[in-house]
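So that you can tell them apart, the chains are marked A, B and C in the order they are listed, and the count of residues begins at 1 in each.
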């Protein structure tokens, strides 16, 4: 976080679904190496916000800007589809709660990891396979599973494979939507630990959408609490969790089950 | 020495508003004012519930303040933590302010050695060099080597606390916040910790500690601040 | 003439103009799949209705038509389509590759090199090479627009991972003029090199899928591969039992119930011409 220029910058991000509010006037900066958690209950607008930030949906108002590798800050709306596609498959990573959004379930683990490399122009089978094997090992999956398809993998392995697929091109920003949702506690701990290590080692920035304050505490530097489409409280993770100001945040914090 | 204090707290007040209990406001502290200089150890005393730990948490940024200033001076720059951005606080935690909490908040699966290594690496040390230093520190604190590779969540309270101390005392923070660092330690290890704290003092660190053990307090304290003077509960 | 009530080449002039416009656009953007309003033809989809509509749109009274199915002039599909155009367009037909001006083909490129006065019309069942990996048309169009073809290499990667080599033997994907990924219709990959830098205009019609695409003459067409698994032509090893050719694409023919079999040229015209030349050459020995 020595870099003082934000990597991602959101201002006044607003989205309506007809007369229903998706999210309103969300603004924040995400800096290099920083992990920000967006927390809130189901329906609070946190997943909508993630879709808007990654331009999977159009904004009704506001801007989202991104610092390109050449150092220029560009409004994502002003990028061409081709430029956005390159961002999505090289500079950004995605970990979805539902692995089938992020993986090709009938393509081998190696093929899944290799896809982003091949999209980026890699054309040496042996190199692609070796790189895929290295990433599989890095996310703690036995390299012997390289030719197996993710539909034969456990839930935790699928999440780890998604992580490998995302990181193989050396992205600077990773978006995660409930990355450990629906997993056993022990499996969850393993993935959180893996993510934590990778984020530090690779100097990644990350935006994590989660309803789980434990996940937020473990992974994030800062928290934004969303309620009914708006960010109602934000700040240092430990301050928001240990000294929550808003009634809703206090309710969320008091609802955590003791470990 | 006419040196500027490392930490200057002035007029700090803190209360909690409990929205889940009908919006009741609980005042915790009123007008906290004291300072700490380099190489000095200030021990905060007072009955439990007086808000001693809350003072440390406000300095560390885990609690917000209602009013007042908490100015930390490091490398010639003064910064008011009450107004500082989250990013700035994180930077100060990395570079300047160390905190040994009462209990280690262990991360699942991370081995004890890596828990200690982490702040050093965050400050730019190489992992190998940091590992050597961490191992030496843990050994000095009588943590058996067979535990280095295990996650501290499985350790006894005393072992966890020593991992916590190693993590907090190893980097050369200019300001150290110690919350009952010796509470769950035996006499032998208490003595080691006292030596370590005094060594950090000689190294120029400004230290604020909460210590109940009178022997330890006498061994490290240069000054006593009584929480009764600013406790809203008193 | 019993077909007098039909317009020349079966389709009405407006339909032919519509198809020609699609063909012109296809030629202008080599390898790009141009949608067109595919007409009902008097035969079921899957019998070459796309190729037939293209042929109908480009055929003139002076053209000479050849139709092959898997390289052969005398299979049902070839015979029927040849008879169809002889009837509705009254054009001359031939089985000789060199005599034809328009050649409609299913699943082969003739062995005899084509010339710049010829047009090769392919019948195409599934024009989208990415379809098996990406079922959404919106998504495959986006991938084409962005030239995002990593996915096609994923298929080849999977081939090698599973079989140790690129097992795709026909409909082998190609890049046309360095821009568009294209399915060359289910021709054996043996034929892929003949598609590149070909003197003849090559047109592709998919009737059910309503797409036309084209490769203009002398266009570079590259078969996808990996640096360490380069594209390889494949043919059955052996020689043709009829003409003795050892460099043509061979069909396997079962000759009895006891496992007897022989290999013969899949291109029946090429094989016949070789035999005629050979027997003409042997005559002095008689």
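The definition used in the following text is that a contact is a pair of C-beta atoms (placed from the backbone, for glycine too) under 8 Å apart; a residue touches a chain by one contact, two chains touch by 3 or more.
Predicted model, so just to flag it, every value in this text is computed and none were measured.
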item: Chain separated most widely from chain B, comparing mean CA positions; value: C
item: Identity of the most central chain, Cα criterion; value: A
item: Centroid spacing, where centroids are CA-atom means, of chain A and chain B in whole angstrom; value: 32
item: Whole-Å gap separating chain B and chain C, where each centre is the average of the chain's CA atoms; value: 77
item: Centroid spacing, where centroids are CA-atom means, of chain A and chain C in whole angstrom; value: 46
item: For chain A, residues that touch 2 or more chains besides their own; value: none
item: Complex interface listing, chain B residues touching chain A; value: 16-20, 57, 61-64, 86-87, 89-91, 107-110, 121-122
item: Sites on chain A touched by chain B in the complex; value: 1, 31, 34, 189-190, 192-193, 196, 200, 218, 221-222, 235-236, 238-239, 242-243, 245-247, 250-251, 254
item: Complex contact set, residues of chain C against chain A; value: 133, 142, 145-146, 148-151, 153-154, 157-158, 160-162, 225-229
item: Residues of chain A defined as touching chain C within the complex; value: 81-82, 85, 89, 104, 107-108, 110-111, 114-120, 123-126, 128-129, 146-147
